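Here you go, one structure.
To keep things simple, chains are lettered A, B, C, D, E, F, G, H, I, J, K and L as they appear, and every chain counts its residues starting from 1.
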Amino acid sequence: MKDPVYKLIELTGTSTTSIEDAVDNAIGRAHKTVKNLCWFQVIETRGNIAKGKVHHWQVSLKVGFEVKG
Amino acid sequence: MKDPVYKLIELTGTSTTSIEDAVDNAIGRAHKTVKNLCWFQVIETRGNIAKGKVHHWQVSLKVGFEVKG
Amino acid sequence: MKDPVYKLIELTGTSTTSIEDAVDNAIGRAHKTVKNLCWFQVIETRGNIAKGKVHHWQVSLKVGFEVKG
Amino acid sequence: MKDPVYKLIELTGTSTTSIEDAVDNAIGRAHKTVKNLCWFQVIETRGNIAKGKVHHWQVSLKVGFEVKG
Amino acid sequence: MKDPVYKLIELTGTSTTSIEDAVDNAIGRAHKTVKNLCWFQVIETRGNIAKGKVHHWQVSLKVGFEVKG
Amino acid sequence: MKDPVYKLIELTGTSTTSIEDAVDNAIGRAHKTVKNLCWFQVIETRGNIAKGKVHHWQVSLKVGFEVKG
Amino acid sequence: MKDPVYKLIELTGTSTTSIEDAVDNAIGRAHKTVKNLCWFQVIETRGNIAKGKVHHWQVSLKVGFEVKG
Amino acid sequence: MKDPVYKLIELTGTSTTSIEDAVDNAIGRAHKTVKNLCWFQVIETRGNIAKGKVHHWQVSLKVGFEVKG
Amino acid sequence: MKDPVYKLIELTGTSTTSIEDAVDNAIGRAHKTVKNLCWFQVIETRGNIAKGKVHHWQVSLKVGFEVKG
Amino acid sequence: MKDPVYKLIELTGTSTTSIEDAVDNAIGRAHKTVKNLCWFQVIETRGNIAKGKVHHWQVSLKVGFEVKG
Amino acid sequence: MKDPVYKLIELTGTSTTSIEDAVDNAIGRAHKTVKNLCWFQVIETRGNIAKGKVHHWQVSLKVGFEVKG
Amino acid sequence: MKDPVYKLIELTGTSTTSIEDAVDNAIGRAHKTVKNLCWFQVIETRGNIAKGKVHHWQVSLKVGFEVKG
């Protein structure tokens, strides 16, 4: 079977800084256990608030990688 | 990396009794292998029918937990 | 034609008690005229309110059954 | 202007018991300040988890009431 | 009634700088009148354009806070 | 803070005549208490039926206005 | 069983004149065979074009009525 | 009333072969009782699995036909 | 290649009068450059407000036409 | 500006044979005027019916290509 | 706990031939590690294009299987 | 015809830096051929990954501009 098959996992990355940083954190964490991550899609952007400011950006994303073998 | 990262898995719990019980069953089963489940969101509520009555409630949910390390 | 074909009808069941009871009422009523109901999917959960309490739960669902012949 | 106009507000009710109870709590609370609540629609069902069990059901709903005058 | 009830309001924050800044502006403005803002969800990201550049980022979000009493 | 912030409220206008008239009624009513309404988006068009004719058009819309101060 | 159960059917009404007229046509036609129509929701508004003008408005709607007995 | 009115019914066709065949089966079955079927829209494509292979393709579709008279 | 291929373009028509007029304006304008417009679907209905009244209806629609050659 | 920018166009391909063939027809036709088509996403699958059989599969898709220069 | 619980995983299967083949490839690959796959739902159909032809069909699907124990 | 008509085109901007930069790139490129761009809406945020980091942010947006004449 030569046609590649991919698996998608869903993660929520968080950051006190930015949406991009929250995505980076999620991908960086996933990369520790899965080396061949290929692409992602942002599913939802949320966050919690403390003292009238965004405390944590919470960005849910699907991340795809090729399933080998 | 101090900002927490969460993983979401999707489950379908079933119950002959209620929607709540179907959710409880899914979470209880997931808890056997993942101890730090944090939150869930119901995705879809379905069921099968036998003799004009609901036989099994089938509730699909996403469950989130923190990815350590 | 051996492959089964199903028809889906949409119903709104109501109940003063619970979401499950509203679904049961819809399926029970449909069962009076269609005997081989197979499955359902909840489409929407609404209700009306009287004196600050839920008066009727109104649950819309699709119900599927095999079309014979 | 005789044609009624309604306002919809969005609430999240919570309960340790059931989805219905979470909805009741939200409507009961809104009823304290708005007496003529008419109808509601469930928008989302979520919850948090503690020790492998649902801790709080969190049900978001829109509630409509007539704007007088 | 011990179970908390939350209200959600919808705001559109704007910024000439970034999506994050538009969200911050909306939350900062809401915080002037509601002190216990808890969380937000981004609903839509739009903007207007002037001279081939983004002039204002316009980010719609729901903001939730606990209804006391 | 120079960047404007807007609030969106959701209303359901009704009319025995037309969709446009139902929208006008909702906006006209909101204008009694909020003078600087800016824009609206139609969310849903429904209605009730009497004797085989549309009795009331019920149009839900979000209305946005700038939050001053 | 005292709690009412409703059935929803989906229709597409057409009109060369207006959206409202297309809805009226669909409801008027359904009323010929079902007398107790209660409510409708517009699902989709489409149309065909002839010579650079709208030829037929095509409005799809769900219509609900109580199932007796 | 010269403007045509259409009814839409929802079916799930199945096939062990292909999506197209599942649609054909549903339409062929509906044609036995309704002769003037006009158009369809695919709503959902699902299936069940046996021994690591698709056993039945299950394709849900809406089918529209003109209501005469 | 005998099977027709269509292109869809998205337009926003505006009108101070009605939703239908906004759609007509968009289609009328497109007809100036594309003669064989076939069908349209309404995507979104919005508008701006001036002095508590609808100023411009803004209706977004997709318009389809056959690509020849 | 080295970061590529893509344009997406929406097409409806048709075929009397299959969904795949309808997609191929749309892409083949677009390729006549745009040489560097990169990817597509299926938006909707519909069709018309003649004599109880699918007459034309109508598949709407977005097609993306890089905008040079 | 006798009520079954299912897990859903999301995969993207690819094929140079057809949508069905892309689904088969994804399920066949998943079957290598999970033997009791039960059902699937197609989430999205995309593809890449080379020389004006579909190069790879890319079909994303959720696959469900019972979680034992 | 005094009521303005707008056209919407869909673009995917990319950037190695941020979501905002990807949007800016798309709008800047479109501005080369269309001078009166008015507004945009973000449709989807995706990206590809290389070595466990976001390589390109890919942001799809609709851009609207007035059609003159």
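The definition used in the following text is that contacts are C-beta pairs under 8 Å (C-beta built on N, C-alpha and C of every residue); 3 or more make two chains touch, one makes a residue touch a chain.
It should be emphasised that the depicted structure is a prediction, and the values quoted were computed from it without experimental measurement.
Touching subunit D and subunit G together: C, F.
Any chain touching subunit E that also touches subunit J appears here: L.
Chain centres here are Cα averages; for subunit I and subunit J they lie 21 Å apart. Chain centres here are Cα means. That of subunit H falls 38 Å from that of subunit L.
Our note on geometry: subunit F versus subunit L, Cα centroid distance of 30 Å, whole angstroms.
The set of subunit E residues touching two or more other chains comprises 9-10, 18-19, 28, 30. Pairwise, the chains that touch each other are A-B, A-E, A-K, A-L, B-C, B-D, B-K, C-D, C-G, C-H, D-E, D-F, E-F, E-L, F-G, F-I, G-H, G-I, H-J, H-K, I-J, I-L, J-K, J-L.
Residues of subunit B touching subunit D in their complex: 18-20, 23-24, 27-28, 30-31, 35, 37-42, 63. Interface residues of subunit K, counted against subunit A in their complex, comprise 9-16, 21-22, 25-26, 28-30, 32, 56, 60.
Those residues of subunit K that touch subunit B in the complex are listed here as 1, 3-10, 62, 64, 67, 69.
Every residue of subunit E that touches subunit L in the complex is listed here, in rising order: 18-19, 44-49, 51-54, 57.
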